[in-house]
Amino acid sequence: MNPRVTQILGLLQGDREADRAVPPTGFTARLTVFTAAAMAFLAVFALALSVATGRLADRWSAELARTATLRISAPAGEGEAQVRAALQVLETTPGVASARALTPEEQAVLLEPWFGPDLPLETLPIPRLIEVTADADGYDATGLRARLQAEVPAAVLDDHTRWREPLVDAANRLRTLGWVALLLIGGAVAAMITLAAQSALSANAQVIRVMRLVGARDAYIARAFVRRFTLRAGLGALVGTILGLLAVAALPDGDDGGFLTGLGFSGAGWFLPLFIPPLAAVVAFLATRAAALRTLRTQA
Amino acid sequence: MIELENVAYSYGGDSLFAGLSLQLAPGSFQFLTGPSGAGKTTLLKLCYGDLLATSGHVTLFGKDAAGLTRDDVALVRRRIGVVHQDCQFLDHLPLSENVALPLQVSGRSKEAQDNLGDLLGWVGLSRQAAQTPPQLSGGERQRAALARAVITSPDVIVADEPTGNVDWEMSQRLLTLLIELNRMGKTVLIATHDLNLIRFAKSQVVANVLRIRGGQLETGVTL
Amino acid sequence: MNPRVTQILGLLQGDREADRAVPPTGFTARLTVFTAAAMAFLAVFALALSVATGRLADRWSAELARTATLRISAPAGEGEAQVRAALQVLETTPGVASARALTPEEQAVLLEPWFGPDLPLETLPIPRLIEVTADADGYDATGLRARLQAEVPAAVLDDHTRWREPLVDAANRLRTLGWVALLLIGGAVAAMITLAAQSALSANAQVIRVMRLVGARDAYIARAFVRRFTLRAGLGALVGTILGLLAVAALPDGDDGGFLTGLGFSGAGWFLPLFIPPLAAVVAFLATRAAALRTLRTQA
Amino acid sequence: MIELENVAYSYGGDSLFAGLSLQLAPGSFQFLTGPSGAGKTTLLKLCYGDLLATSGHVTLFGKDAAGLTRDDVALVRRRIGVVHQDCQFLDHLPLSENVALPLQVSGRSKEAQDNLGDLLGWVGLSRQAAQTPPQLSGGERQRAALARAVITSPDVIVADEPTGNVDWEMSQRLLTLLIELNRMGKTVLIATHDLNLIRFAKSQVVANVLRIRGGQLETGVTL
């Protein structure tokens, strides 16, 4: 097995004797557990925010980028011909995956909020609508408008940007905020655990002196400190994560389609936060080890 | 065993001593005296690798002290039992675990059972085995420090003022323990102010007396 | 002056001599400053979130509660009469502040996205729309629907609930989240500073013993600890608040109407976070004082 | 000044002593001896209010020790100079500030300038005034502790083993300082194992010797 892995496993198993050499550090211990728990709790929320807004932004971006509407307001009778001409233009436009004229029934559904359900569509000179779906690369909207202007002057391209862009923007910004918060939280945890470990080490200068006097190796002395802080950070983070998950689960759930109501995890997403406690433990292990070995080297 | 050759040491300002040479032959028994602040403790610390000489050579068990790694120093410490002047303990552990600490650290905790009881009995601490160091009297702490220094039966025993806080009868008792160990071939070096103690030892064993004064080490001092 | 106030002012002024009695606590000091700063930073964000979403939710709730649309799909010719009848009903409905039929121009603007700008409205049998504004108390939508059913059967009341409610819901939830986060952060700061102070106190048991041996009063010993932790918490919180404000100000600003883009403060709102450092200092003062006096009493 | 009447003390188990009575008359000079662990330090702690008797009455400057508030105890401490057996200092402050600490704590820092220099000179620490306690030798720390105990010129001086780590000449010097203070009317109580020190004192001043043994206090012991 990888020696580092062996070392970490050894930590869990422990060395009762070496452990006893370091006095139970009371308040520093509680501080570490509490810090880890509070930070893990916040991390769960930041993660939930990132995941949920990420999902939302993705959905909106996809819809925004990939669908547009072409509206053709032609005098009665000319409609069909113009629609055909427009479809031809669209078919030869690179980046357009498909284009399809909406049926009168579909248009009736769209208009219902404005006119009520019994609108006699066939008797009205209402514009025809064509649904345009882009492929992954997208099309050049300006070029398409120019071509339509020339060949189907009655057509107006509405790519929904006006409606969707600010929303996607907001969602993306929230997602970035979530990730930045996660990074900040991670950094804060590492810094706090390092400082807590160092303050425990300097409070235990006497212990280190005695241990060295009787011939203990640096690694032996460091182990007891490292083991404690790693376990504590892991434990604290576990408690915080569980509380965080309970809190997220307890948030009122809103209907799925509702805007931003789905703050939380879905499906496998619920397993994501379970990485927090081991990550916290690893951060604590590395931070404490570095701090312990540094202190031991500098304290003559 | 331990050799100092032309050694100087300074804590930053003037040198405490310069050109000091000393050989601790295996099985020898030595006393170190000198006025307070002369550098006795400093000299002892050079002998167990706690300080490095600012010039000159210190040889510990055949190796140059300046070239030892941190782990080497730990191994050297296991061969030298030390009584610190301000006896230091792990204040949260009971006396018995404190005394057994050198065994535990070198992975020999099994041996503790055998002689821990006898040793505590000899230094008169059987009753206090479960008390923590802050619950001991000054003299009891000093006796515990001596017990801890000898529990591994090390090759060399270095004791810094081991009887400053105990009465005359107990001083004799502790010295007798060290003399016993010396008879078993251990090297003993004791820093002390107590001239009576030196006189008592001289009546029992061949002991050499060193004195630091004015930065010089005098050997074979007669009282 | 109030004695408590004098005491706090005395803290700032300081007592160089008493201060020197407590050793510079190195890592615990940095830990406290760092914790306070990190927490203040997060607090600024939580505050920004609460304030911004609060603003948003208020705007939306107001719009939701106060405006509705009445749609009347009547056969051509009967429209005017039905509109008048509906207006009459509305005027006698308690809770309705005003009701106004939209002009054809206004309706044209609303329909433009669907039909283009040159819709011959007058030739179309499109429904008439009435804008209903509620007063502060609101009206009873179910009762109103029943009356309309009886008197103007062609009228359909659309109170926008379907569109706005989930949004307001989400905003309110975010706001609650923000306040809960603020509370949690405050609690976490108090707990962490208490623990840091206690670990400093227990690391300085020797100092306390010596001070007591030479005849120092409890208040004298406590003062040095309390002063340090208060100043450090205040300082850390100040740094964190400033960084937080900079970060909030640096967020891309989005157009004002954009959804959730206005995450930040506006106008006098920028002064709100300035309460964070003094609050942190007060929390630290109380937490440390309690911890110090408790420790001094229990350590014989 | 300080009166113990029928006092018992136990750390939880058996009583260390019981029915012990002692009066420290103003201006008296007393030694306290007894084997290590007999309870000398404990008795001294009862005298300066660090421990409360488990039974019996302790009167400090006319007040019942059991009835003192925490602030009262602080005030009592300002009238008693104490040398702890394991001399305790503020390790981050230089020797001079440590010695002046009792003055600072009672708001009399102005007085420090006057006698601090003289005092440090007498105990032979002028050169070390700027060093911190961990940078001092064992004997230097002990001398510093004595200097700190007497700097406020307190009514009573209680010293626990103040010469355990210094040589004979320095012991005499320190004792001379205490005798000087006693001649100025201060009450002095010294716990020690060093019988030579007691003999030396008796040649200079009227000193009474107390001994704790087996839980009993013997007064007027002759060596």
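First chain written, first letter: the chains are A, B, C and D, and each begins at residue 1.
Basically, a contact is a pair of C-beta atoms (placed from the backbone, for glycine too) under 8 Å apart; a residue touches a chain by one contact, two chains touch by 3 or more.
All figures in this text were calculated on a predicted structure; none of them were measured in a lab.
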Most remote chain, CA-based centroid, reference being chain B: C
Chain centre separation in whole Å, for chain D relative to chain A (CA means): 68
Cα-centroid distance, chain B relative to chain D, in whole angstrom: 29
Centre distance in Å when chain C and chain D are each reduced to the mean of their C-alpha atoms: 63
Junction residues of chain A - those touching two or more other chains: none
Contacts with 2+ other chains: residues of chain B: none
Contact graph of the chains (line, ring, star, complete, other): ring
Inter-chain touch pairs (all): A-B, A-C, B-D, C-D
Chain A residues touching chain C - in the complex, by the definition given at the top: 25-28, 30-31, 34-35, 38, 41-42, 45, 71, 73, 110-111, 113-116, 118, 120, 124-127, 156, 158, 166-167, 169-170, 173-174, 177, 181, 184, 188, 191-192, 195-196, 198-199, 202-203, 251-252, 254-255, 258-261, 263
Interfacial residue positions of chain B with respect to chain A in the complex: 50, 70-71, 74-78, 82, 84, 88-93, 97, 101-102, 104-106, 109, 148
In the complex, chain B residues that touch chain D: 11, 33-37, 40-41, 85-86, 124, 128, 135, 137-141, 143, 160-161, 164-170, 193, 195
Chain D-facing residues of chain C, complex: 17, 20-21, 23-24, 206-207, 209-218, 220, 296-297, 300
